[in-house]
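The structure under discussion appears below in the form of structure tokens.
Here the chain labels run A, B, C and D in written order, and each chain numbers its own residues starting at 1.
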Amino acid sequence: MNFASDNTSGAHPAILEGLAAANAGHVHSYGADPITEGVQAKIREIFEAPEARVYLVATGTAANALSCAVLTQPWGAIFCHRNAHIEEDECGAPEFYTNGSKLVLVDGPDAKMDPDLLARTIAHTGRGGIHNVQRGMVSITNSTEAGAVYSPAEVAALTDVARRFHLPVHMDGARFANALVAAGCTPAEMTWKAGVDVLSFGGTKNGCMGVEAVVIFDPKRAWEFELRRKRGGHLFSKHRFLAAQMQAYLADDLWLKTARHANEMARKLSEGISKVEGAKLIHPTDANAVFASFPRGAHKRANEAGAYYYLWPFDQSLDGPEDEPLAARLVCSWATTPEEIDAFLGHLA
Amino acid sequence: MNFASDNTSGAHPAILEGLAAANAGHVHSYGADPITEGVQAKIREIFEAPEARVYLVATGTAANALSCAVLTQPWGAIFCHRNAHIEEDECGAPEFYTNGSKLVLVDGPDAKMDPDLLARTIAHTGRGGIHNVQRGMVSITNSTEAGAVYSPAEVAALTDVARRFHLPVHMDGARFANALVAAGCTPAEMTWKAGVDVLSFGGTKNGCMGVEAVVIFDPKRAWEFELRRKRGGHLFSKHRFLAAQMQAYLADDLWLKTARHANEMARKLSEGISKVEGAKLIHPTDANAVFASFPRGAHKRANEAGAYYYLWPFDQSLDGPEDEPLAARLVCSWATTPEEIDAFLGHLA
Amino acid sequence: MNFASDNTSGAHPAILEGLAAANAGHVHSYGADPITEGVQAKIREIFEAPEARVYLVATGTAANALSCAVLTQPWGAIFCHRNAHIEEDECGAPEFYTNGSKLVLVDGPDAKMDPDLLARTIAHTGRGGIHNVQRGMVSITNSTEAGAVYSPAEVAALTDVARRFHLPVHMDGARFANALVAAGCTPAEMTWKAGVDVLSFGGTKNGCMGVEAVVIFDPKRAWEFELRRKRGGHLFSKHRFLAAQMQAYLADDLWLKTARHANEMARKLSEGISKVEGAKLIHPTDANAVFASFPRGAHKRANEAGAYYYLWPFDQSLDGPEDEPLAARLVCSWATTPEEIDAFLGHLA
Amino acid sequence: MNFASDNTSGAHPAILEGLAAANAGHVHSYGADPITEGVQAKIREIFEAPEARVYLVATGTAANALSCAVLTQPWGAIFCHRNAHIEEDECGAPEFYTNGSKLVLVDGPDAKMDPDLLARTIAHTGRGGIHNVQRGMVSITNSTEAGAVYSPAEVAALTDVARRFHLPVHMDGARFANALVAAGCTPAEMTWKAGVDVLSFGGTKNGCMGVEAVVIFDPKRAWEFELRRKRGGHLFSKHRFLAAQMQAYLADDLWLKTARHANEMARKLSEGISKVEGAKLIHPTDANAVFASFPRGAHKRANEAGAYYYLWPFDQSLDGPEDEPLAARLVCSWATTPEEIDAFLGHLA
């Protein structure tokens, strides 16, 4: 009963099989191997983007921070939601990689930016000319830190605002697959057709060991990305082992299957919690994360039974009245089972 | 017959078995898992350094650049050999991670710094007070970029100079195992007992997929390292998969066995090349890399037979007189076989 | 009738006389001259801080950004008011000099941080350990961007919060003299006695050509400041010309007299505007800046008569109904005259 | 008898008069004043460069480091002479402003880069693709740190090499006027006609208080320069006081007259020293600095008589045999008098 994060699970068996298959013999290092080339071609095909450039890194923070660094100058603001991973969970990696950009925060429900607020925030920033940080780029997280999913139309509403100010757009897709299957659209519809310039295309949380692809739809920015990746220490020498994970992840739509499973598990969990007396969903369960509050007593029973997840925000306590509701985040992954969920729900009731 | 680098080989089977064994169930992410803790304890034991702090990253560039960043201020010079990896092969990663340190270059044969030159170079740097870059740190590569190995006494001769100027010392041990078995000493003797403060302890080139440990002998610097690692995007969420590689690497002295094998293969190769008419060793074959020149004709025959390695420097050409000697670098790894070497030597003769 | 800023005025005649007097003969460069040494001693005396270290730079942005850089690490948050100059008017200089700190914004009326909000904001930041930007430092502006003045007790209320979290405190005193004479306290009471560690002590806006002192009450941080100043290109070679301005500024309490004058002029202006039909003060006129709204018709008459000042915020328009109130900022300086103010008020009525 | 540097002298009286004249009344701040606009037009005229953009800063280090930052990416090498000011005397300011460029050093006599060596050094750098620092820019100092002057043809020989590699060229002209009058050419001939893209045009050492112009011949780079200047804290609010210095400096060819005077004084000093028994010039006295060795006894007599200058290198001692030659640097300025020189020479004999 571990719902702490989708990164507490291991790797899908197919990923490990892919690594084993890739291990034979000598190949060129630093990405000049056939598996890498195959993965790049496959991602271009999946995204219907024959001009796109594709790069692999091992962590989502690297994918996001490097993407920001090629999309904005140091004096450019990065417009993102107040709860975006790049703002709250990367210890300032975007600031480091951009050499000091300022993240300018936009509000909106369910960790989704409100397009009007985005427009007003951009308009406000840089209005004082040389004295201000300039307008740099927009970063959208899909699915969001609150488990919500932007539809392609909602993405386009934000990128339209960005375009009005001539700003490029990044999508943090650490949970891109979960968003995609929830929205029921194609990868192209969710990204470049909706105005996204660069995508962090997550693999780790959805069943890989550690691999994310950065998909750069405008190839002009590619060489700078390569230099920044190397300079950041993110170019693997035995690159085939990043590529083999991604190859297995994409083969036979594994990535869509694991995401669909995780989302279904979250829906099951969400529905079950909703039936608990005193329980309430805090955000819609669009993807693979459930945000809900339910009575402290239920939390205590679940904890005692060994369930593992985060009270959200962290600073709530299990000490206190039994019927007071405490909010929590519970994340499902490719490895979550219906049995786990049933067991967990059994402890809540 | 691939001698291009020790990173063109795959991973040792034991590494993949380690990954598979680590894959079961949920564990805490970001390094709070039992395999990581076991690896940290094991490295402290191997290095006889109970106070040391151990961190894992996926690339040697990350290990080196992060190490430099905790050892020097932005205005501190990094004293290293002109051919050091941090100077020649990391696209400025140390400059990026330190926010602009200057690498000040020291000469010496076989890519080993000469202690007297090091002393003079340090003395010269920073003599003008506030106007100059200050004296920051010393970085030693063992084994060197020329395949040579510093003995513990040679390391101590350099760290003595560093101490005289109150400078900390980093060792780039991307090929630490190769150096260690060549020198026939203990890990402690090669590092902290010889005055090294921080070690990049390589795994990737010597049989892993992609893992390097940073061993910080002075724990005061550890928290800053953790923050810089996270901020650099080098903290793995599914950290067990870095740790599992290192665990398998260290189990049953695998790391020493693979290094010993690679060194033996290099010696065999070196001896074989030496017997070729017109051949000459350029550097001593202390570890797993051979630097030798031999006639163009022999190079052409080897190339036609499918041998793969680098002319060194790169800008030599296979077009020209048959008997003119061309210099080359040939690197052996855990995966190199005697049969490959015999076949290769057969083509040279 | 120029109320655009206190930096549209020239230098007080005594400053130019000081420059002329300092010009004779050869002196050591880079601050090793007797005028510089005298100024440093004088500031230590004025602040009753015999251990303090004093450095001169030419701009307020340099003073602030360098101060931040010695007070926080790159991964440390700088807590400041949403309207602080370091947030809104320095094009990201603090981010640049700190190599990527994040400015975390605190609200409060009249551009003064609310101590409770500060405490909550600090507590919230860094609660997630390694994943978050850490708690770095607090920066207080006095007088504020809204023309208000913190009393020493109000400063201490903020520094108490900072101390609780072990954070150092910077004061942006671009208008320190204006704040000081308004508060009626000593320089020591406003700074180190109230818990301030480093002060940007402004000269430029209050009658100098271009000089600010950075007063570092804790001398441990001084050498790093010197290196950062040089590295930032802010160490003057003919340093006597920075020092001579500051010498003249401090002589015979000129700095207090010019500040008192500017504050009195602002009060006169504020009182005059208050009497205009439909006018309203937006912030208290504690120091030398007036924030007020009054009817568009009055603005138009003033503009036609040649008055120069900013509508605040910028994006208001002089086109529209005559009696609609528009907000404005009007700043007085050492050079503002009662006659100018009377003339201006005459146009409003 | 102060020959320590051209920055130990004060400002030419005309500069102070210019400041006084500029002081009257209110003007727009941050460079939107008529004096600044006049200076920009004047410099465009002097350089026959109607498209050039001109910016003022207060220090040479700021001018150089900001220039580098607009000419190279962080991963680009800056090719310069081993003794260039940007390498030896700016505490790493170029590394700071560029976010970590590497200065790659080129040798040549009299601190002038040898064009062939420059070509070979550039060719060597970046030959390894993504793994290496890339080729970024070339920086030429005129007059050099050894008091020599490049002719326009010599400048063009270097910029030709740069063009072959598609690299932009910066000229550090902290002593541009001294070089210009020595070469007897026009400002245009020494700069853009010889292939220079950005010039640091020095004022401080040649009679100003503290002002340097950055002349950007290609206006595409101008807006980035403005942002970097502001972000570096180098945009003056009371900008007229930088401009007034430069206005006075350029009026009636003052800048050429002071430079001619300084060069003549250096020639007189050089010739005088040459006649001293045991004396020898180390570099040609092309501009306003003399590099010569002469017997320790003569140094001791001069020192006892109050002469002030640097032994060069610093680490020579006045203790030792009387007739052993010690090398020294002696710099003349607009303020040096023939009488000082005669007096000094009298002590040597």
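Everything that follows uses one rule, which is that contacts are C-beta pairs under 8 Å (C-beta built on N, C-alpha and C of every residue); 3 or more make two chains touch, one makes a residue touch a chain.
None of these values were measured; they are calculated from a predicted model.
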Contacts common to subunit C and subunit D (chain labels): A, B
Pair sharing more residue contacts (C-beta pairs) when A-B is set against B-C: A-B
Reference subunit D; chain at largest CA-centroid distance: A
Chain centre separation (subunit B, subunit C; CA means) in Å: 51
Euclidean distance of C-alpha centroids - subunit B vs subunit D, Å: 42
Chain centre separation (subunit A, subunit B; CA means) in Å: 34
Residues of subunit D engaged with two or more neighbouring chains: 74-75, 90-92, 96, 99, 130-131, 134, 227, 230-231, 235
Residues of subunit C that touch subunit A when the two form their complex: 74-75, 88-92, 95-96, 98-103, 127-128, 130-134, 314-315
Contact footprint of subunit A on subunit D as seen in their complex: 30, 73-75, 99, 130-131, 134, 224, 226-228, 230-231, 235
Residue numbers on subunit B that touch subunit A, as the complex places them: 2, 4-5, 7-11, 13, 16, 19-20, 22-29, 57-66, 90-93, 96-97, 204-205, 209-210, 227, 230-238, 240-242, 308, 335
